[in-house]
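Look for subunit A in each of the two complexes below; its partner is subunit B in the first and subunit C in the second.
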Partner chain A sequence: MNYGSEEKLASTFAEELRQRMLGETITLCYQCGTCASSCPVAKITPSFNPREVIKLLLLGEKDEVISGEAIWLCCSCYNCDERCPQKVAIPLAMFALRNIAFKEGYIPDIYSEFASAIYDNGRIVTISKFVEKKRPTLGLPPLQPTGVDAIRKILSATEFDKLQLKKEETS
Partner chain B sequence: MGEVKVGVFLADCGNQLPEILDFKALNDFTKKVSDVVLVDRSNEFWRGEGLQTIMTAVRDGTINRVVVAESLPKLSEVNIVQAVEEAGLNPYLVEVIDLKDHCAWPHRETPKEATEKAKAMLLGAIERAKLLDPIEKLEFPVLKSALVIGGGIAGMQAAVDLADLGFEVHLVEKEPFLGGLAARASRFFPTDDCATCIQSPASDVKTITHTSRKCVYRSGFSEIPNLSILANSKIVSLEGVPGNYKVTIEKKPRYVDEQKCVACDLCTTVCPIEVPDEYNAKLNSRKAIYMNVPNLHPPVYVIDESVCKFHDCAKCVEVCPTNAIDLDQKSERITLNVGSIIVATGFQEFDSSIIKEYHYDDYPDVITNLELARMIDGFGPTDGMIIRPSTRKPAKKIVFIQCVGSRDRRYNPYCSSICCMISLKHATLIKSAYPDTDITICYIDIRTTGREHEDYYEKAREMGIKFVKGRPTEISRDSETGRLIVDVEDALLRRFLELDADLVVLAPAMVPSEGTKELAQIVRSLSRFEAFLDEDGFLKEYNAKLRPTETKLRGIYICGGATFPKDAPTTSLHAHSAALKAAKFMTTGKIVKDQRTAVVNEEYCGDCVFCPVTCPYGAISLVPTTEEHFVAQVSDLMCEGCGICVGTCPLNAIELRHSRPTQMLAQMKALTSVNGTSKPLVLAICCSECGGTVVDSSGMAMMRYPANVRIMKVPCTGILQVHQFLEAFEVGAQGVMVVGCKSDGCHYEVGSQKAEKKVELARTLLKEYGIAPERLEMLNMVFIEGNKFAEAAQTMTERLEKLGPLQLTEVS
Partner chain C sequence: MTSYALFLGCTIPARQPNYELSARKALSKLGIELVDLANMTCCAPPPVQSIDLETSFAVAAYNICLAEEANLDLVTLCSGCFESLCAANVALKHSPAFKAKINRSLSKTGKEFLGNKEVKHYLQVLRDDIGLKRLKQSVSEPLNNLKVAAFYGCHALRPSGHLRLDDPERPSILENSIEALGAESVEYKNKLKCCGGLLRGLSDEIALDLAREKLANTTKAGADCIATLCPFCFVALDIGQMQVRSKFQETYDIPVLHYTELLALALGVDPKELALETHKIKVDKVINKIS
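Right, the complex of A and B next:
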């Protein structure tokens, strides 16, 4: 097999990523594995290995990366960022990749559920009757309504709503 | 100088050129130019009969300016200039142009236009020749003595070479013993022999048998004629000029007389003070009076003044059988005058404690390769045993970690190049001596690039040494057992390992030594060079390809690990190279240099600091004229004649003797005075280095570009001033191309960068004046890009045709 496809040359994607990463570049990576051995997630699941994600990107396998679940598993502990000898900003790359994946419609269900909740209620967690009843007993004031309209305006300015809608239609 | 009489010599290159150029027309044209008294034509003028013709005309006084159109400009120029000098005329009154490569070949399809361009070129050369001044030759004395700084493998070898060649050599070492880092390495790759061997001096009659090497202690090193060794000494200051540097050295007290000590060891036996031995990684202790290991040089004890109780104890004085110990010795200052200096101050290990996750400072069983080397050394603190420092029991499980602080953009981005081999050497030596040792090497990439180096890697695998591709994230310690755990991903198997170890050996980056840093500061104070160090702190050579051991300062040479981490074979080569360069510099006892240098018009020069700051050679200094005023002064010895100062001076107070603004203007006018084509005239101002050769090469390779493009050479594009671009348009050029070296490849360091900035400024001005800025462009090219020059010339011509004629009158 060949890596990547011609129109998605590795260097082209690395450049796209560099722009999203405020000039930081992944091409510095020489696959030493310091990130992987520093990563608490990689040690408990074979689904995520930061070194492999970067390697795939360097080979131009953009689609494989953004459609997969790996990029969503990074827990942003910054251990790798701290220890990478080539100063590759790996957590920043993960954020950038999630943004790209989201734009292209690859959104894990859990994230789109959160997104819907925010869009509908202005909150990630839906407030149940139980919670509303429980609050006064703990001496907490009742919850105020959220500014859903304002939040929707923001989401629409960033075109988040369109992406979210697209996701809902497809699923 | 009296009346100017120009002789013009037209070479037709074995009748090749007349097929394109009309030589009769050139002859007639040239004859009519004022002050031309002789026009001659021949197959060639740079040798044989042609050259004789020139010499005769010079000798009999017919001519006193020589213009030659030849086809091999550089080669022919050398010959012609020499011949003219022999015939009794100042050799700088000669102007050689290239009618073949700059005219006939590139314009062979438009012979008429080519002939008109040839006229312009000849006129340009004649007008310039008329304004040339005689230039004198200068001589500067060079002392035949050298200072070698650093007594490691590089310094010792360079010192022996120079001493053998008959120069007076002073070898200075800041430690009490020679040998440097190399002596502590125990064994060298690829020979696996001891580190204390160095080349035997040729002057030692006993070693005249040409054996491959000798231990330093039996090499007769101290007895080499002309070589004086100053151990325990350091450089305090450096002054002077190439060929005569004045060095001040501080010789610290040894408290033991080198002439009396017989190295009997009685003193160390009675000395009551014991301290950890730094030389041996603090794995053992030594006395206050000591010698690191028995085979060092000089074989004389030294007292550690930071711990000795001196007269409160003085037991060593009592016991010394030769009265060699002098507790009242004082440090002394020694001043030397030397012709050249070789800096061989070496490298050292990076401080691994900076990488906190490896706990080099906290865990005694985490050591470095140099410390391991001391264990391997039979003279070392463990008698050759590999131990866990925490328990002093044998280490049975060893993990090596490569690239500690090297290839690491947080500390040192470069590959230290020797650490893979050092670890492989150590691993195989240990495995040979103690086959039951379990050894793992964690690496990013294994680099074994020298001869026989790959054999070590192969042997290591054969011996069962394990390799893990992965850089460990951290080392931790089991609090109960005290054993170390190395946390690493085997990237090839995608497997997370926790390697158990009783000894972890770090392979740290090799960084410039403290001595190298200090020396760099001292040399910088002498030369004002910003660029004496590279960005990693190593000493920087003048040119990596061709001058690897020279610096920009004549007479100062660098070698060994001070320039970059090196193994022993490369260090030897480097040292011999530096010694040869120093010998070459000193051998005639003088520097012969002509006065093609900058000269200051003191009347205009006034109190600014532009030229001394800009000069890439530190050739310009400011000297006071009155109490308040300064004037620039150029050192003819240091000046390389590039003219970057000229381009920088805001007052036109400095010019080059061989490229004055008046000469340039006259040539510019002449080159644009004849067009002969329907196309707009373009003036290509090229430097004499890459920028000029790229024009030559496009002609040599017979690439085509239109004849409206006229070539003018200057020493460096850095000489050009903004107003000169405007002058070019004023005298008739419709477009100007400035052709210089690559921005980072200027032969005079910064000239082409300066030119780029000035072109940018001039373009802004042109815009202000309503002139299209595209009429002026800067090209940065190298010799092999002749095709690019031809393309650029064509593109410029087309661009100007589109823009239409330049109407300067409309501007005002």
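Right, the complex of A and C next:
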């Protein structure tokens, strides 16, 4: 990762993205479309095209990108990441865009559930007491305790817990 | 005996005892000790990366710290865990500035990421620690005549820059591991394409389209079953078949097994000990063919 890139960016929005993590490679995009032709989702729906998302954000169309559905339709398969001739970290750019969207309150319901679950249980998929009690009958060892206290300290240090509060205020 | 800290993740203990049982029994038979460490958490996969990337790296790094304290490398069963833990491990090892930043958050938990441990996929353990030749010699119930469609999913292979399991465009580790059990690995169209698993619950229509294509292509290739490496791919293709049936009136009835289940069966583990009833698509056809 290169945090020291001084490259001039096309818009303040691209700069914001760069300042979040790993988005600095986006300005290398020359719109060849290798990402779109490698994308399994773009083959199914016109609602998502990674090349279009990158184009819009380089043009500074922040509101359109952040409030839209497209950034949530990337399936994180990393095909584009493997094939991009300019080594643009497209899936990471999608995560960075979702991070900005989350901060601004554009949050699909399922992601609020994930955020609550990780804070409450230290896991995004909850293991029920029923399943836990059934383990010995299946021949599985008891589950070790989950580090919920530790994860809450991390969520507080990175201010993830504030994102969560903001979500609760807006809902 | 080679020992690893097992990173079990969430989905496997919550929903897939068939995966956990087969992995534990098979690796134990092969002389690999899996150590369950206390206080592990979510691995911080794409859903957490989507909310806050920095938090996801810190949470993943925290779990690696637990393995560092136990002086053990980590082994994963879930490809989501494999990807998120490898991403943090590689990023922190290669950027002192980023490591220092994450360590500031970790200090609140009394941990410090040092960067002296590896995160491995269990297929790496089979290939590199045991060796496929020795694995083949350990097989007591060869899966003769069984045609298996190898399905890698995404996060066992990509992003290859930090996962480094195999060539992301032309992998062979899973096919070779299948053939080591005496089964035949069958080729099919768009083998490396995503199962759509991560879009379930967000865009079920797209997710189901991707699963449906996988089911159609593996069936057309004449596979007796699909071998998966990831609990999300398993759900997408196993439960997904029931959803494809009700939405498109298409019945595939192709069993989906984790590679570890095939491995355990080939190593002579009694099918009754593997919680095979967890499968929505019954695996009797596979059991009958190999016994």
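Methods note: the second predicted complex is superposed on the first by the 151 of 171 C-alpha atoms of A that agree within 3 Å, B and C clash if a C-alpha of one lies under 4 Å from a C-alpha of the other, contacts with A are read in each partner's own complex, and residues count from 1 in each chain.
Rule of thumb we're sticking to: contacts are C-beta pairs under 8 Å (C-beta built on N, C-alpha and C of every residue); 3 or more make two chains touch, one makes a residue touch a chain.
Predicted model, so just to flag it, every value in this text is computed and none were measured.
> Between subunit B (first) and subunit C (second), which, if any, makes contact with A:157: first, second, both or neither?
A:157 sits against subunit C, while subunit B stays out of touch.
> Output check: A:51 vs subunit B and subunit C. Expected answer is one of first, second, both, neither. What do you get?
It touches subunit B, and subunit C stays clear.
> On subunit A, which partner's contacts cover more residues, subunit B's or subunit C's?
Higher number of touched subunit A residues: C.
> Quick check on the output: what are the common subunit A residues between the subunit B footprint and the subunit C footprint?
79
> Help me check something: in the complex, which residues belonging to subunit B touch subunit A?
Contact set of subunit B toward subunit A: 357, 403, 407-410, 444-445, 469-474, 487-491, 494, 496.
> Please output the residues of subunit A touching subunit C within their complex, sorted ascending.
Interface residues on subunit A, with respect to subunit C: 1, 3, 20-22, 40-41, 44-45, 72-73, 75-79, 81-82, 91-92, 95-96, 98-99, 102, 108, 110-111, 114-115, 118, 122-128, 131-132, 134-135, 138-141, 143-148, 150-151, 153-158, 160, 163.
> Show which residues of subunit A lie in contact with subunit B when the two form their complex.
Per the touch definition, subunit A meets subunit B at residues 28, 30-34, 36-38, 42-43, 46, 49, 51-52, 79, 83, 85-87.
> Spell out the part of subunit C that touches subunit A in their complex, as residue ranges.
Interface residues on subunit C, with respect to subunit A: 10-11, 13-15, 17, 20-21, 24, 36-42, 44-55, 58-59, 62, 66, 91, 94-95, 97-98, 104-106, 108-109, 111, 154-155, 158-160, 168-169, 193-194, 196, 198-199, 201-203, 206, 209-210, 273, 275.
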